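Structure first, then comments.
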Amino acid sequence: MTEPFFQPVSGFDLPRFAGVPTFMRLPFVDFDHSRIKDVDIGLIGIPWDGGTTNRPGARHGPRQLRDLSTMIRACHPVSRTDPFSLINCADLGDVGPNPVSLEDTFNRVVAFYDKLGTAGITPLSLGGDHVLSYPVLKGLVDHKQPVGMIHFDAHTDLMDSYFGDFKLTHGTPFRRAIEAGLLDPKRMVQIGIRGTAYDFEDIEWGEEQGVRIIRIEELMDRGAADVMEEARSIVGKDETYVSFDIDFIDPAFAPGTGTPEIGGPDTFTAQRCVRLLEGVNIIGADVVEVSPPFDPSGATAWVGISIAFEILCVMAGAVHGRKNP
Amino acid sequence: MTEPFFQPVSGFDLPRFAGVPTFMRLPFVDFDHSRIKDVDIGLIGIPWDGGTTNRPGARHGPRQLRDLSTMIRACHPVSRTDPFSLINCADLGDVGPNPVSLEDTFNRVVAFYDKLGTAGITPLSLGGDHVLSYPVLKGLVDHKQPVGMIHFDAHTDLMDSYFGDFKLTHGTPFRRAIEAGLLDPKRMVQIGIRGTAYDFEDIEWGEEQGVRIIRIEELMDRGAADVMEEARSIVGKDETYVSFDIDFIDPAFAPGTGTPEIGGPDTFTAQRCVRLLEGVNIIGADVVEVSPPFDPSGATAWVGISIAFEILCVMAGAVHGRKNP
Amino acid sequence: MTEPFFQPVSGFDLPRFAGVPTFMRLPFVDFDHSRIKDVDIGLIGIPWDGGTTNRPGARHGPRQLRDLSTMIRACHPVSRTDPFSLINCADLGDVGPNPVSLEDTFNRVVAFYDKLGTAGITPLSLGGDHVLSYPVLKGLVDHKQPVGMIHFDAHTDLMDSYFGDFKLTHGTPFRRAIEAGLLDPKRMVQIGIRGTAYDFEDIEWGEEQGVRIIRIEELMDRGAADVMEEARSIVGKDETYVSFDIDFIDPAFAPGTGTPEIGGPDTFTAQRCVRLLEGVNIIGADVVEVSPPFDPSGATAWVGISIAFEILCVMAGAVHGRKNP
Amino acid sequence: MTEPFFQPVSGFDLPRFAGVPTFMRLPFVDFDHSRIKDVDIGLIGIPWDGGTTNRPGARHGPRQLRDLSTMIRACHPVSRTDPFSLINCADLGDVGPNPVSLEDTFNRVVAFYDKLGTAGITPLSLGGDHVLSYPVLKGLVDHKQPVGMIHFDAHTDLMDSYFGDFKLTHGTPFRRAIEAGLLDPKRMVQIGIRGTAYDFEDIEWGEEQGVRIIRIEELMDRGAADVMEEARSIVGKDETYVSFDIDFIDPAFAPGTGTPEIGGPDTFTAQRCVRLLEGVNIIGADVVEVSPPFDPSGATAWVGISIAFEILCVMAGAVHGRKNP
Amino acid sequence: MTEPFFQPVSGFDLPRFAGVPTFMRLPFVDFDHSRIKDVDIGLIGIPWDGGTTNRPGARHGPRQLRDLSTMIRACHPVSRTDPFSLINCADLGDVGPNPVSLEDTFNRVVAFYDKLGTAGITPLSLGGDHVLSYPVLKGLVDHKQPVGMIHFDAHTDLMDSYFGDFKLTHGTPFRRAIEAGLLDPKRMVQIGIRGTAYDFEDIEWGEEQGVRIIRIEELMDRGAADVMEEARSIVGKDETYVSFDIDFIDPAFAPGTGTPEIGGPDTFTAQRCVRLLEGVNIIGADVVEVSPPFDPSGATAWVGISIAFEILCVMAGAVHGRKNP
Amino acid sequence: MTEPFFQPVSGFDLPRFAGVPTFMRLPFVDFDHSRIKDVDIGLIGIPWDGGTTNRPGARHGPRQLRDLSTMIRACHPVSRTDPFSLINCADLGDVGPNPVSLEDTFNRVVAFYDKLGTAGITPLSLGGDHVLSYPVLKGLVDHKQPVGMIHFDAHTDLMDSYFGDFKLTHGTPFRRAIEAGLLDPKRMVQIGIRGTAYDFEDIEWGEEQGVRIIRIEELMDRGAADVMEEARSIVGKDETYVSFDIDFIDPAFAPGTGTPEIGGPDTFTAQRCVRLLEGVNIIGADVVEVSPPFDPSGATAWVGISIAFEILCVMAGAVHGRKNP
């Protein structure tokens, strides 16, 4: 059992709609706070959409995710675990972006996650567009062994360039991360890929590197249990990053995103997939591409934070396991 | 065949968007009306959300449900029954609530349903938040044998108290109803339960009383037919109440509700479940928690009233059976 | 490979949100344009909802479909075909309707499609309400052999009349087309039928003519592959029209339509069905009933145009096959 | 003081959101009702938009106006009159339209208002698009002296024809009514005219007939009091019809309409104008062009019904005056 | 100049959309915080709508107001004062309400403001519905001299009772406060009153007590400067409370509220009025009735928090004056 | 009278909702088109929001402005001029932006406007965020005399830098343009300035350069005629650019923008101001900051394009005058 300081406020005591909204009603603990050294898992907002090639707005994601997160209760309904009692979780605030400079923001994110790694905090990042996964990985993993990745998405994000040789967009982060030696493509699996294609260069390049790409048709036909068993065996017991793009889920369930693709899985399937990450040695995760201007109702943010809680639960198990080997 | 008086207006004659909107375009018959004695099933609005612990608005449910209900046509597409020809249905209007007093409204609802029971009218109530099921049951069942219940919901509504020992909220009605001897817990089944939990005291208490709680995972794995067969066998042939919380259905299909939980069933599954109530001895039913401010489009009310029509069809069979034994 | 003139603008070059929106970023080629004679498939808007009996707005469909269509990329993700390279596609603009006269608009549509048939262009029409299928068929097929049809819809659209003997509404086009000898009812299949019914006269009449009507329950139980195999065998190798009413799909996925019916298929199933049209000898198709006022977010139009792209891909195969026998 | 039967339900007794929504919570009294002979002013819905040349949806106006009208309280805040106590008001329901036939609906409206005139009931009609004013006038005034009119609108609605000689649209009703001898153009005044123009033929034609056209600039510069004094002097003491198009008001205040024009008056000015109708011998009035699909929030309907209440108050004075000369 | 601790975060440093949203990006300082003793003005949320007689949702006000408040910059554009540099301001969090008990919440609010008064903090409260002004005044003023009030509103909130003698609703707070000796009616002025009326008992009672009621027509005719001069002379130099109901402003500018009345002032006029509070001896203020479910866009909350900043500026002057006499 | 080629399509012929939407239904004429040499005024979209410091989305402006622009009719209602008959107007399409590079897009815009200047076409640009005015001016004016400017806005856009010395954002374009010698500050006037302030460095710097800054209070007190007379005298007869930020107008009228400030003018005042530009020697103009994600209803785009039409009319006079001196 963690200390009262690290417990979220209960809805039995303070109604869900009340109070300053931190992620999941956890304490706000930034690097200047005296309790920062006790944090095991940090929830961090990255309000940045500078890599977006079409519809922007993911910069507003962390704010709306915090708002909706006050509806999360402490216990997982199936595993019955309470992650907040297992290890110390806190809201570390947002990485301050520079909305008029992709490069400057990139460097700010790298610096933040480098500091986080030094502090021994495992991050759960809430985006923001998908470009952020690259600087997060760079901050966390640089000068270390490449990590594996389980990646839920409608798109591979393995493109090479856009608009005449621009290399850094939300369609390219994982190609950059592989090239930079941050990700081990042979320990990478992408699930849910679909949608019309410019061409198939991204898929071909990825498969050449050894990335396992599981299209939506394969997920639908084989089912979550079978696919996730394969995913777990691909990443094995070594360090693994989990990246969850909200557009993995069908836009009927999560309309508030920049590049929706129809024909996706429902949230039940998404929950099943995430729950089957149990046992994976997660060293960081993100939930990205929630774009509030395209869903002011908050329904997408509710899906996003609900999935983030599912990830938090399996991640808490991994962190707890590493602390208590 | 019922009389023309009790027939809904057809969309072949008057377009769906025209006319003063009563429930399903039925005649408005209140207790002062000369035809009240001929009504078999009464559709009643209970515009009340005084038990809501988070997002309010269900008080506006009956108004929007009436509006959307004008799109309902007379015949069920699968069973091909026309409930309005089988027995006499009418819109009985709304129970007038007191929005600034939970207690006063509670008493008004009890009084209305007591009168209804005396008049021999079987009620289909449209909410309103879920707290209403308790005074409805009190009005209908008090001083009689406890009844069984088939309950579709994401939540058990078997909590004990909120905010420091407040006993009556939309999270507690069925605990109160069991304690009051209105429901027989051994003839109760709850289907669709999911979502993060404060703790598991509600489930444990319910199971101790004998309530059968079927989580969403079980429904998804076993399928509607299997689960509903078990549900029918649990309630048997005795008197049974049906309570349908719109949040049973996934929020992609029914976003307009106060406490949505992702990972729920689609409307096709919901329709299947309700159709499989055929043969149950239904003595009353409700559809609750449609909250129009959270879905001004009316999509949720359309789901709600469509489900209400499904319930009406099986209920009409039960009422007809009781009148023609 | 088609000429550069007929290639859509790529999102790698010009962002999706930029440029004057033609259908799928194809060249705009009207009958006065010098390249009209080279067009194989024409995408045409029919902004008309004069046959709507309930909620109007489908007249705004083509505009919003064009807007969303700029998010379509050139290649099909599963078959990997690029229809725009296979044959010449173009946006032919809209048929100019007369919003205050059903009859005048009817004649305008017939005239347009008659001209199109003469020019040897295969049409993919974007509605507009479903009444348009009748004048489209009349323009295309009149004085020729009746054609077969595969029809995706929640409704049969085989009604006889409304509002006291009015014969032409969006509930009657296919009855009129059968009576006029434009459709061969023995080569007609309707998939997805559901929703409450006025009566069953439409279904009975259709079945008497030989139309195969597959209700949603049958589609859900048998699956897309089995049902579509039957559909293909019903229409055989002769000329076939494909009509896709957006309300075939569940309203959670496609809310922006005039007559939604709950309990429909998801978009994944809809995509599966359309992909299984491969091999059908398609001589024209339409996607209808997208009503933007009931979904300003564009989500429904995104579904509509995504399905239209799926149809275009199988249609391109058919057209290519006819040109290269 | 009128009888209790004709009193609206008070919000002190039944909350505003409860009950079946009739116009202003008045009794529903159709032509078959025993109290029809006692009605002085009838509120009638005309859910019809068959004359709309651009954005449809006004057919849904009466439903949403009834919904919002339950927020109207009984007394006018400035004059302190209670119209419901002065004379008998009732909701007479809707004229049933035929959405697929302009001609048929036209005839239905004429017949309804002819009957109304015979019954001696003064109508306050809630639309519906502006085309309805023509058949309403035809039903009310045919075979009688032409009446005067005070007309609030952004458009003259004095066009001749559209789409190649179609004479009946929502841009032409008053030209038709003048031609038919229903309106006396020399006793007609139009206030608020603005917006870009096709040409100025309508204005020139109107001015030739003697219609006084007051553009928005004139209203803004002279003020409501001065302009309305002129308007009252133009119509004098003879019978006068009042037609209020919601697009008279600026679209920031009333966005839910088909043909908004910026630069209009605020609602305060609109209220002032209507209050200054006091003393006019009103024999009928309408409020038109509220189009709910373009404002699901109901804000426009709230403006519309608030203005309707203002009109009702001055109309009640006129009716009361005629009954008690 | 205040210390850096009490300075809001600048948008030059951290973009407006980033960070955990406290009111105006001020430090969060609750009663347990070490700096609480240094706070001069506390911004407090009261997320409570238990007194609402019609449309609920104001309980969600503080959350959305905090969100939008991050767009407020530090300096007033006209007076050029920076309130945050003049005195110490902080976000004190929310008073935790009990949404199922009006009485319990009442007591919680009284207790909170009693504590605040003891701590010498001047409160700016953000609601919440208008019922909250009564317990706030009770907590602040009880056992002291009655205070004066300048009250901006469309309604007097001087009603006696609702729903059969219920005395505490958002229509009654100031009658209760006068009866309880918390307000001195002879030093009370109400500005902006309008809208249809149940009757005029509230106005008559208020005027009998000596309350000066300025209807909207008077404000529009005399202008802000003249009316506010009178208001200042009514309250004089003694202690005065300012209550600002967002429905004072026309619903085109502030649609997200429960009881909108058309014909109100624009925001420019509202700003003028508030700026003319300069010199008033303000001992507390509130901005109430922002109801986010009725304006998910946040436009109303933006108006609300902008007005709150205007009030804060004049209040800061008053507090500074009291500290530096 | 211009040729038929350059006439917009009339709504009398083709309904407003039909057809591929070009700006104001003008012909689409890009630099490759044979008629480009005959164009006098080009309407150009600049779908770019890379300089936005807070809420993005203005990149979607040109698409929605084109959509709404089909509701513009050919003639100005007050001056009765038809700009399309006076000189040749065309839609030149969009400048293709690079959403992931501020610098690259900057250069693309400069190049486009340089080409335009060479071609002798006067531009009316539709944004996009306000940063675009700087490269537009650079392309148009570089190596020429500095031009004057009349600038309608809530903000000066004369800031120096953001986020630690970043010089190019939508808050800095006019400081950059003055520094670059593109604008003559002594011939610059800014109208409508308001809103909270970071500090007053921008205003002080501007006034030091000689810019005339007219705050909203001054506009409201003096009125449009007086203020615009001063503005015209400041810019005199030399070349002048007009820049219209939609946030000049109050957010009740134009909510869809990134940095709204309450207390602004209504659209009537805005129209008056623009009409009073008559006689100014306009060599280019822009309408910027319409952000569709913050107003999916299109109301803001309708305001934006209506204002653009007003500007077009005075600009057409200026262009016509220069061609026919």
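So that you can tell them apart, the chains are marked A, B, C, D, E and F in the order they are listed, and the count of residues begins at 1 in each.
Convention: a residue touches a chain if its C-beta (ideal position, glycine included) is under 8 Å from a C-beta of that chain, and two chains touch if they have at least 3 such contacts.
Since the model is a prediction, treat every value here as computed from it, not as a measurement.
Colleague: Please state whether the interface between subunit D and subunit F is built from the same residues or different ones, using more than half shared residue numbers as the mark of same.
Modeller: Subunit D and subunit F contact each other through largely non-matching residue numbers.
Colleague: Pick the pair with more C-beta contacts: C-D or E-F?
Modeller: The comparison resolves to E-F.
Colleague: Hey, which chain ends up farthest from subunit C, C-alpha centres compared?
Modeller: The most remote chain is E.
Colleague: Taking the mean of the CA coordinates per chain, how far is subunit A from subunit B in Å?
Modeller: 39
Colleague: Return the distance between the CA-based centres of subunit B and subunit F, expressed in whole Å.
Modeller: 56
Colleague: Show the residues in subunit B shared as contacts by 2 or more other chains, in ascending order.
Modeller: In subunit B, residues 13, 15, 17, 53-55, 59-60, 98-99, 162-164, 250, 252, 266, 294, 297 touch at least two other chains, as defined above.
Colleague: Following the definition at the start, I'd like every touching pair of chains, please.
Modeller: Those chain pairs which touch are A-B, A-C, A-E, A-F, B-C, B-D, B-E, C-D, C-F, D-E, D-F, E-F.
Colleague: Contact residues on subunit E for subunit A in the complex?
Modeller: The contact residues of subunit E facing subunit A are 13-15, 17-22, 28, 45, 47, 59-60, 62-63, 66-67, 91, 93-94, 96-99, 296-297.
Colleague: Taking the touch rule as given, give the residues of subunit D at its contact with subunit C in the complex, in rising order.
Modeller: So the residues of subunit D touching subunit C come out as 49-57, 59-60, 98-102, 104, 162-164, 166, 168-169, 293-294.
Colleague: Which subunit F residues qualify as touching subunit D in the complex?
Modeller: Those in contact with subunit D are residues 10-13, 15-17, 71-78, 80, 250, 252-253, 266-268, 270-271, 297, 299, 302-303, 306, 309.
Colleague: Quick one: in the complex, what on subunit A touches subunit C?
Modeller: For this pair, the touching residues of subunit A are 53-55, 162-164, 193-200, 215-217, 220, 250-252, 255, 259-264, 266, 294-295.
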